[in-house]
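Just so it is clear, A, B, C, D and E label the chains in written order, and each chain counts residues from 1 on its own.
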Amino acid sequence: MAQMITVRIKFFSGIDKELKLENYDPSKGMSLSIPSGKRLKWALKHAGLTDFSSYAYFRSGERISTWSKLKQGDEVSCLKPSGGG
Amino acid sequence: MILPSYYEYCCRVKTISGYKALEQIPAMLESMHVKKPMIITDKGVVGAGLIGIVKKAMGAKVKIGVTYDSVPVDSEYKVVNEAAEIYRKKGCDSLIAVGGGSAIDTAKGVNILVSLGGNNLLNYAGAHNIKQKLNPFIIIPTTSGTGSEMTNAAVIANHDKNIKMLFASYFLLPDIGILDPRMTKTLPPFLTALTGMDALTHACEAYFCLGKNPVSDSHAYLAIKGISENLLHAVKNPGDMKARLAMANAATMAGAAFSNSTCGMVHGLGHSVGGVCRVPHGNCMAIFLPYGLEYNLHKCADIIGEILFPLAGPEVYNSTPKKERPERVIELVRKMNQDLHDATGGRHPRFLKEILDRNGAQQVPKSALPAIAKTTIGDGTLVYNPEELTYDDAMLVLEHAWEGTPLNRKKIKKGRKKVKW
Amino acid sequence: MQEVIGTNNRMLEIDLTAKKFQVTEVDKKDRDLYLGGKGLGLKLLYDRMEPGLDPLGPDNMIAFTMGILMGTGAPCSGRFEAITKSPLTGAMVTGTCGGPFGMAVKTSGWDAIIVKGKCSAPTYLYIDSKGVQFKPAKGIWGKDTEAAQAALLKEGAGAIVIGPAGENLVKYANIASGHRFLGRGGIGAVMGSKNLKGIVARGNEFKIVPANKKKFAKANKRFFKFINKNPITSGSYRSFGTNANVNLSNASGILPVRNFTGGSHGEAHKISGETMAERFHTKYDTCKPCAILCGHRGTINGKEHHIPEYETIGLMGSNLEIFDPAQIVEWNELCSKYGMDTISTGGTLAWAMEATEKGLIKTNLKFGSPSGVSEMIRDIAYRKGMGNDLAEGSRAASKKYGGEDFAIHVKGLEMAAYDPRGCVGHGLSYATANRGACHLSSVLFSLEAYLGMASPYATRWKPFMVKFMENVLSAVNSLHICLFTAYAVFLEPPLIKLTPVPLIKQLNQNLSLVALNLMDVSLWPELWHAVLGKTYIPYLGMLKFIKAGERVHVLERYMNTREGISRKDDTLPRRFLTEGRKCDQKEHTVPLEKMLGKYYRLRGYDANGIPKKRTLKRLNIAIQ
Amino acid sequence: MQIPDYYEFLNQAKIISGKKAMEHIPFELRGYDAQKPLVVTSRALSESGLIKKFIGAFKDSAVTLGGIFNDVRDYAGIGLARDAAFLYRERGCDSIIAVGNGPEVDVAKAVNILVAEKTDDLFKYFEGTPLKRHLKPLIVVPACCSSGMEFTNTVTVDNRSLTSNFLYPDLAVLDPRMTPAKSRDCVAESTVIAMAHAVGAALTDIHSPMIEAYAHSALRYLGLHMTKGLKKPGHVETSLALHNAYALAALAFSNAPAGMVHLLAVELARATDISAGKFMRILLPYKMAHMMHKKMKIRDELFLALAGYDEYAATPAKDRSRAGVERVLALLAGLKGMMPETMKDLKVPKYKLGDIAKAASARSGKRYSEADCKTVLEHAWEGRAF
Amino acid sequence: MNINNYPEIKAGKDFISKIYVAIMLWIVGRAIQAASRVDKEVKKEFAEFPADFMMCMSILPFGPHMVVGKDKNGKVKYMGWNPQGKKITLTMNIKSMAAAMQVFTFQESTTTAFAHDRFTVDGDIVQGLAVVRVLNIVEVYLLPKIITKLAVKRYPKWSEMSPLRKWVGRIIIYVRAFTF
């Protein structure tokens, strides 16, 4: 059995409402335990997200794409893109 | 002004000079957070009433711990211990030395003992063995000549072991040196001449010896200028405060100059004559200065030539051609000795045989010359002299100095031409 | 209601000292070369002002320019421009505002207003199609912006006023129009130094009709389609306003925390647009007309308040480590009433807190605690006690009390809410922006940090990207149209829409020259030509438009170098050149020196940052 | 030799200059019973390789360097001083060596106060509580350029300055391996500052002989080596002589009351972020022209120091003071390409001159009237002769 | 502020100069011992020293040392390189290895080195000066004229040291120094 790793995903800009998560705490986010070596896309599908392309994903200050590998203890923020200014 | 390949300069003394300088002492003590100073002086100074002036100037603001005034002519090991005992008993916290070289050296010894504890001076002897700041220490020189308020050394004799202990460390420098013309107002004319020539020697030697450096040079230049303008005037009318202050300043600057660029053979010879025949230091300096210049002439002619500028002023300097300038300098120094001789009514000696002690006997007999020569070549200052000085060179100079005749140049053995600073 | 076809090029020159005004004509050539808005305003002042004069003296001038798109119904075209010499930075400053004043002046038949001289007593101006009336402002002098605004609006459709901060010459006082502000650079202080409380315009006397209606309608329709299709302009901005950026900055580590020492903070989501939208049930409260609808209003413990913009939340919230939205709204109200720029106020307060912490000054301000902030804002507005020093701006205060290494400003203008260490290209843009640490000079942080279209820490192509974006945005500011339309114009054309984002990133990284030139920004020039009835050549028209933008930027740089700005000012605060952010293990700093030399060469400046004669001639800027 | 009625003079710093000077530091430290110094230097110097030479000088010595704090850039802030003091305490150091110029030495002095007085609040000494006792031994090793303030008894941290006789460095080490400058501007800046300080000290109204001695030797070296130093900044012996001049000028300056040129230059540098050296180069000629205009006597010693004995003696007495001024202007003319001549070239806005003059005359304790400052500034702005 | 990006630095050793100086000290020590038997002036100088005379020239702080002194029957002997266990009456310390290199590569003469404060002398000054004179004479013997001319204030004239005596002395000293 592949070794399990825990990953934490934080949903912003109303995505948690769309996923109808109860008592979701934005500061802690949702922690998932997934087999190691899995990609972000798989973890998001596991969390119930359907359309991936319209959101931006960030890990420790850098923007990552949906197929980047996840490592133990990663913290991914997932939110709607915005322009700034 | 040449830049030597290496030099060191350190003169960490706060100089306060002025007509009301003594009145600053309470403020200075307060800024150093001390309240009970001990005064160390010698009988001569007390006799001249100078301690009274100092106490009046300090007024009621400062409570003097004790006044210790039995310092002998040569600072002595037992005197230092005794003074240190009194210092501790009275609970003083700082030192004021009022007087000449011996009072200042004794005060330095006392400061070592009271600040670092113990009563055996020996384990602090030698160079750089004192490693921390000593207690606050003020020097008020009463002879404008020795410049020992600027030196970082102290020589204390130890008669039962018959050795001279040398203490050298930058921590021996006083915190404050106070120059007040009232201190030298009562200095008799021949003593003024004597100490003035001592200061002139310090400045000249600092200018051409091997420890030459830019800061000492400019201090020496100003000192020579001050002395040449004011010495004769101060000897002729001792009461003139302006001249006294100028002499005091010139002496201090000469002290600052020579304590860093060190002096040469003139001091070597002077120490030996002083040691062997108990002659006051100033006299020997006045006598040997022209000979020192002549002896080292071939080694640093242009440097000695430059001394003519502060000694005689720009006009004379401009009129004498470059080659003759060193000769003019030596001539002027001899002329100065001569003027001082006449001004003090013959008491200022021009050559060795003229030195008479109190009851008129000749202090430096011709027979003593070999002994003097022997001690000279053992004197530490010879290292800094541009030209080598062996026993027979010393004898040659001493004979001429005894007679008073100028050195003949051919006799001097000439070393390598250019001095590489 | 008369009709104006395209633009009537009429201009008002008002001399406050002599209480006279003069109607003049905008020179045709200037209109073509400088488009209008920011460009035209700069050219007008370039011809009239000589360098080295006192920004708060009588001979400093303010130019209000309206731009040709205003009143034509183009999307987000309700904004006007103001240009003057800034007392805060000593260089030229240009600000934009979406308040009703612009539309009122345009519909009173004026394309630009230039105010010169100084009134002997407090006055305000009444403008209508005939001219200007000088009216005593004794009654409203000393009143806050809302009360003054209400009094003036009785006489006209739109008005601008200054608050007590402007009257007391606070170096970063701003100008209020409606509840929108002309914030940066202390233009309010310049009005205050002229004893000018406000200007009100009657409006609704002219109707602006584009010369070539058919072409304008076609372009307009395409523009609205793009705006409503783009996820940013129709998605996050429409629902959460500019505060949608809070979470994004926090995630990408460029949120200012504790005077720009940290890049992100655990509690940042409490002050994000989403939380506020939920808690305060926000409604739209925008410039008129607007197609994006990014401004919002909400009920906060019972009363209706305007929701602060992202910059205010960043600088007066996370930068002071305060995460209570209601508190920030209260301070935002206070600054709006006194008429003070929230970015500069936030930056200066953050400096004051760190200076107190390090013992340089004595105040009761502390990071994380709201105690003493409201009182300090009042003291700054009325220049009482320490407020008097802080009113001079963080540069002057740090020169007096020390702490220059943590005064976060460039050329004296406090920095906006983006930490350049997380987007080094934007760091270069902060350094070389003409009015100081302004984020709108080239919005590179969105490419680097938000949209991920360029790698945040690479320096290779960044000088070229900064130059390209500066040119385009200067041109956009000269139309004038709201900068947020750039997301629609840049990201919606088919070419960009279809290529996946990582591919764009690679392209930008290696072939940035090709990638950026392929950008199709033809929508803006099409509108401009349509309104003026000129024929638009598809590709060359766009290049001419971008060249006009370059001309505007280089003119502003040239005017600044005449005031003494040079390479020594094009730098960043020491914090960004030496320390790393707390949230970044690799402790990246901004390698400014690597990019600055190349940027000067691209721009045609000499090694000291002064535009070469050859460059000025190429852009046909007349050398005085 | 004019002697003023009252003067005080103190030079606490020991100067050692010349070949292998840095090798003497271990011995000097032994003299203070200190064996573990903290080194404060700048990032630019540690990258330029000079620090490797500095460390090389400690070979075969009992000294261990407690740490090389090289975060200082071009501004001395309290944050840096606190970090360095923390490192000092952590490593248990017993003395401080500052390698570099202006900001590095200021940070070192600030650290010295923090560690010697065992406090964390530095600014209470700036607001009145006096420094009471000697601080830790402080050694300064200048490198390539000089801000003219290294050897003074003043420390400037966060734009605030404190003067106290305990702030003098205990040792100034001028080593020919460290002194050659990297660029001509660096030499131009340092020589102008030294010239302004030395001339200011030479022409000060209390002309005490001690100050005159230091100013004399500083001006002597500037006169001899300045023009050559500008042409060849890397020349070893010239740069050593120039560094001697910087040190001696700084020591003369710290004993004389601050001259008008210094005060105005510091205020202008504060207001415009341009280095003070450039303003001193502009203001010095105008200050002297102003003195000649107001018939104030410019002492002959200035010409003597710059020209040397022979030339001084050769010129007739009455036009020696004017010759001194000409000689200063000739030396400044050597800076043709490197430094602007008037403040207009530097684009200093004219309206700021008013309050600069007011601030400078306030800091001079009313020794210079505001009107004088204003006239000198105005003339310097346009470059108009008197 | 993490303190381990500012590591403690121990400057290490400069082996080449240490070895070179050690050898030079050894040669000079042996040469003094040889000269004290050959040259009459050196003999005269040493004659005046007390019986327990023991001189140690060393490089501060823990550099190579040279100990020369009088043994039981009053003859001057090179006592090796370790000063421990011997009662030293006169110490002449050179302040740093670099200063020693300056002196022993003859870039600076002994007297200029004194003037430049490279030396510190503890003990009786008169003995110190005598040792300096001895060193000068030894240098005249050991080295060719062009080098010694730089190192000495005044190269001995023909009258003081005839070429014959110099060459003979030189050969004997070299022989004595290098044969044990």
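The rule is short, and it goes like this: a residue touches a chain if its C-beta (ideal position, glycine included) is under 8 Å from a C-beta of that chain, and two chains touch if they have at least 3 such contacts.
Everything numeric in this text was worked out from a predicted model, so none of it was measured.
The minimum number of touch steps linking chain B to chain D comes to 1. Considering every other chain in turn, the ones in contact with both chain C and chain E prove to be D.
Distances from each chain's CA mean to the overall CA mean are smallest for chain D. Comparing the CA-atom centres of all chains against that of chain B, the greatest distance is found for A. When C-beta pairs in contact are tallied for each pair of chains, B-D comes out on top.
One simple way to say how far apart two chains are is to compare their mean CA positions; for chain C and chain D this gives 44 Å. For this pair, chain B with chain E, the centres built from the Cα atoms lie 33 Å apart. Look at where the CA atoms of chain A average out and do the same for chain E: the two points lie 79 Å apart. Distance between chain A and chain C, defined via averaged C-alpha coordinates, is recorded as 35 Å.
Within chain D, contacts with two or more other chains are made by residues 18-20, 24, 30. Annotation for chain A: no residues touch 2 or more other chains. Shared interface positions of chain B, defined as residues touching 2 or more other chains, are 5-8, 128.
Of all possible chain pairs, those that touch are A-C, B-D, B-E, C-D, D-E. On chain A, the positions that touch chain C within their shared complex are 12-14, 26-27, 54, 56, 58, 60-63, 65, 77, 79-85. The part of chain E that touches chain B in the complex is made up of residues 111-112, 114-117, 120-126, 128-130, 132, 149-150, 152-155, 157. By the touch rule above, chain B contacts chain E in their complex via residues 5-8, 126-128, 163, 166, 209-211, 262, 377-380, 382-384, 386-388, 413-416, 420. Considering their complex, residues 231-233, 235-237, 239-240, 242, 244-245, 247-253, 263-264, 266-267, 269, 272-275, 310, 418, 422, 439-440, 443, 445-446, 449-452, 456, 483-484, 486-487, 501-502, 583-584 of chain C touch chain A.
Residues 18-20, 23-24, 26-27, 30, 55-70, 83, 86-87, 90-91 of chain D are the ones that touch chain E when the two sit in their complex.
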